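Two complexes follow with subunit A in common, the first pairing it with subunit B and the second with subunit C.
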Partner chain A sequence: MAALARLTDPLSDLFWRRPRVLLVLLLAPPLLWLVVVYIGSLAALLVQSFFSIDEFTGLIKHEFTLKTYAELFRPANFDIVIRTTVMAAAVTIAAAIISFPIAYYAARYARGRMKAFFYLAVMLPLWSSYLVKVYAWKLILAKEGILTWAVDGIGASAVLNAILALPVIGGNSLSVSYIGTFLVFLYVWLPYMILPLQASLERVPQNLLEASDDLGASRRQTLRHVILPMAMPGMIAGSIFTFSLTLGDYIIPQIVGSSRNFIGQAVYAHQGTAGNIPLAAAFAVVPIVIMGFYLWVAKRKGAFDAL
Partner chain B sequence: MTDAVEFDRVSRHFGTVRAVDEVTLTIAESSFFAMLGPSGSGKTTCLRLISGFERPSSGHVRIFGAQSDDLPPNRRPVNTVFQDYALFPHLNVRDNVAYGLMVRGVDKRARHAAAEEMLALVKLEGYGDRKPAQLSGGQRQRVALARALVNKPKVLLLDEPLGALDLKLREAMQDELKALQQRLGITFVFVTHDQGEALSMADKVAVFNDGRIVQIGSPEEIYQRPRTRFVADFVGSANVLPPEFCASVGAPKTWASLRAEVIGLTAPGAGRIDGTVAGRRYLGPVNRVTVMAGGTALSVDLPASAAAPEPGASVGLTWDEGALHRMEEG
Partner chain C sequence: MPSDRASLGLKIAAFAGLLFLHLPILLIFVYAFTTEDRTYQWPPPGLTLKWFGVTWNRPDVWEALTLSLKVAAISTALALVLGTLCAAAVSRARFFGRETVSLLVILPIALPGIITGIALRSAFNLGGIPFSTLTIILGHATFCIVVVYNNAVARFRRISGPMLEASADLGANGFQTFRYIVLPNIGTALLAGGMLAFALSFDEVIVTTFTAGQQATLPIWMLEELVRPRQRPVTNVVAMMVVLVTFLPILGAYYLTRGGSETAGGGK
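Entry: the complex of A and B
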């Protein structure tokens, strides 16, 4: 014991005299991981996107060029960018609208058992395999699936057919339409919106709502001027998840949807069979740029003022 | 004069707990009214019955003669300064103060002008652009005050308004609140568990215990003539004497109070009762001597300039005939 103490005491004395040494020692491994593996690979990706591919040999030319980015703006590629961004925005907005009442109930009203049930209900879908869920949805949304059957059963097939007849977003059945892709995205990412939103709503103290009421605000005004601004950081956190996860996903649109490509599928195809790593990298940069721009706008609009 | 607030046999029950039990009281217009009592005595619930956050289980609350039982908080002519101020953290000071005007649809320039005027009233000019988190406790309290007053309420409710401030600031704010009330002429109703605060600021004090009002009166009445043992104990102004003690000094056998500063010390055998000095505390202006007499510990305040007896000394206690104040057991 004494011998061990003779070894460790000078060390702990050193840490006491220079707390920074301990901090550096503790932080070094995670920082190395973050800088080398995480930021490093991102940098490598960025560098790749400034190379181009030789159209004859199919080899990568290691010279700086913006040619690959110019290719992104070719109609075929740019359509993919627009399609993915619109889908991500639609999924995010719908997720925020659906999540708000659920999160509000959980934050303000649910207690004890109800609260446990809430967490279970929100988390449960995350426990099963993503692929299983997506295929299950494909069956649900298929022409011969349970949804069509149920809609028939209540005699509302005219409504479903009218929806499917809509241009662009409609299709032969829900499972091969943009609506289907949208529904599955919404289902799969919804917990990522509910949980941060619920956490931020929980931090709104009851007496702020009373103060607003006391000062003459109606319930709608309290919602607009107190609750929503204070829930905004949570909503932004949730939207970062739903937006960026939708921007990067390549499995859902491949299984459910109209077989038109999304960014993730384009990246997959270009780095795989096509062997066009520079273009794949350029595609991968698009979500980063969009998210950066989104956060910048959110900050300027004061979304983080309540933090 | 109209009554600003009137409680007509008001009760508020939470399950089996009677938080407020058959309270009847009137608060005169333009007065400074204090609700004093220990925590759980029902004083805060009474305040919330006026603001509308609680509704009576039975009885009626009237504000300026109008029955208010069915009016929601946002439509009552009263505003509240909340205990922990409840400032909106995402809004700057100016927008916090202007909030009540904003939800009423007053345009931006007019409401910001009114907010600046109120900030000047509470001596916070130039603080409009700050966020509440950048202010000290005392400054936040002033913002909360300005935010309530900008709506020109008929009654201003203050829930433990000075509880979170340190002693020096608290005393300064007491004077300021009192001056503000006199200048504006608005009825102030404030809740506190600090008897010093209640006595120094209010025109009228209601002492609460167990959901009922035990005594209602001017600060002098409460201090000098506590109606019950509870009031004397809670206000802490006087020695509380049990019936046996009173009988032993030739007074009627009831509970009584005797203030520390009216008792004098004399030689043993020369006073109304003899006792032994148990302790002595120097309080600045006075020496507080504790004397054990007739099985009761009495505090005796002697001017600091006078010689105080050492612990263990035998003394006689004297007081004027009328100084012993009879009380109910309660």
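Entry: the complex of A and C
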């Protein structure tokens, strides 16, 4: 013990007299790791997106060009960007609508054990395996699966067939249509919307609602003019997750969906079999730019106070 | 006075939403027992325990499971060290670039996984590092840091200054204060953060597809089965087991941090 103290005392004194030394020692390992492994990788990615591929040899030309970015605007590639963005927006809006009652009930009415129940009921699906959740939906949406069975059971198969017959969003069965892709995205990212929304709703003071009531507002008016504006930062915080996660996912549309590509699939295909790393890198920059813009707007609306 | 009871419509919408979140996971449990082995037929034509035995005797499942556990354990250990150091620095001092440090920690999980994945892959390619278990671990540790960091930073804030001063007044040096005062206080937060990091790594697939060579972690094994189903009944059983295994750390982390303002898991 004494020997140990002889060793640690001077160090301890040093840290006390020069707190900066300790700070640097604490920060150095994690920062080195993140900067070398992560920022280094992002930089490598960014650099590659400014290279191009030689059309004849298929080799990467290591010189600066914007040609690869120009390729993003070719109709086939630009369609992918638009399709992914529209899907991300649709998923985000639907998630906000479905989350609201859950978050509102959990924040305003659930107390004690009920509150813990709601918390775990959102947390367990959030943390259960992503692939298992996608797999579950493959089971649900399969032609011989439970959804078709349930729809037949209530005699609504004509409705389902009519929906599947719709152009663009329909398909042979739900598991190979945009509707299917949309449902799986919605399911998998829903908890990411509920949690920040609930956090912002918890912060609506009770006396504000009473004041609104005293001033003669109906329930609907209170919701529209008091609660919704105060829930907005939480909703935007949640939408950052749902939007960003949908933009970057390549597994869900590959397993449940039509054969038309999303950004993530394009990145995966170009870096893998096609061997066009520059184009893959340029595609990967698209979600970064969209999210950068999105975050900038969100920050101006004060969404980060709710995270 | 606004009524203190929820309207019926709100109740129905809230509980319907929860059902939507849970029914698909429950369905996995039924499919693990089905006798049907070629389609996803519902309702199951019969129930059997046969597939549990078949899965138990599959070496590829065991190999994938072992690799996943190994990767998760090492990544969690690395993330625990790096995340705690970072949290200690950020919570004890105000310094130039403090906000940047928090942003840097959160970035690997805030950006879509595919970006983290392809960024790491192109960096490993440029650096001539062969893809192996090591590269998987490098990737996993990077995005696990944030989970530990979030839990630790919230707890560090609650350790009171006077307690540390009292320790110094009683003659403890910095290391003794850390060992006897700080560590017992942050212990459960670290345990919770570690459990969540483990669950996160155990389940990760998107970054892993980019950083793995020929090795298959359990999620990679599942992904292959999802894209090209060969062994549907075995996949059903593995899926059910994965759900059960990930529930344990989540429940554990919840009970460890319950009551604090920083209940774990909120920011996956």
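Keep this in mind: the second predicted complex is superposed on the first by the 276 of 307 C-alpha atoms of A that agree within 3 Å, B and C clash if a C-alpha of one lies under 4 Å from a C-alpha of the other, contacts with A are read in each partner's own complex, and residues count from 1 in each chain.
Convention: contacts are C-beta pairs under 8 Å (C-beta built on N, C-alpha and C of every residue); 3 or more make two chains touch, one makes a residue touch a chain.
Predicted, not measured: the structure shown is a model, and the values here were computed from it.
Once chain A of one complex is fitted onto chain A of the other, the partner contacts of A:120 are limited to subunit C, with no touch recorded for subunit B. Contacts of A:238 after superposition: neither subunit B nor subunit C is touched. By the touch criterion defined above, A:247 lies against subunit C but remains apart from subunit B after alignment on the C-alpha atoms of chain A.
In the superposed model, A:105 lies in contact with subunit C only, and not with subunit B. In the superposition on chain A, A:33 makes contact with subunit C only, not with subunit B. The larger set of touched subunit A residues comes from C, when the choice is between subunit B and subunit C. In the superposition on chain A, contact is made by A:211 with subunit B only, not with subunit C. Of the two partner chains placed by superposition, only subunit C is touched by A:187; subunit B is not. Overlap of the subunit B and subunit C interfaces on subunit A: residues 210, 212-213. In the complex of the two chains, the subunit A residues touching subunit C come out as 5, 8-9, 11-13, 15-16, 19, 22-23, 26-27, 29-31, 33-35, 37-42, 44-45, 48, 98-99, 101-102, 104-106, 108-109, 116, 118-140, 142, 144-146, 149, 187, 190-192, 195, 199, 209-210, 212-213, 219, 222, 244-245, 247-251, 254-255, 264, 267-268, 271, 277, 280-281, 284, 287-288, 291, 307. Within the complex formed with subunit B, the subunit A residues making contact are 205, 207-208, 210-218, 221, 225-226, 229-230, 305-306.
Interface of subunit B with subunit A (complex): residues 51, 53, 72-75, 78-80, 82-84, 86-90, 99-100, 102-104, 147-148, 151. Here subunit C touches subunit A in the complex through residues 1-2, 4-7, 10-11, 13-14, 17-18, 20-22, 24-25, 27-28, 31, 39-43, 81-83, 85-86, 88-89, 92-93, 95, 101, 104-105, 107-108, 110-116, 118-123, 125-126, 138, 141-142, 145, 173-176, 196, 199, 203, 205-206, 209-210, 219, 222-223, 226-227, 235, 239, 242-243, 246-247, 250-251, 254, 258, 263, 265-268, going by the rule given at the top.
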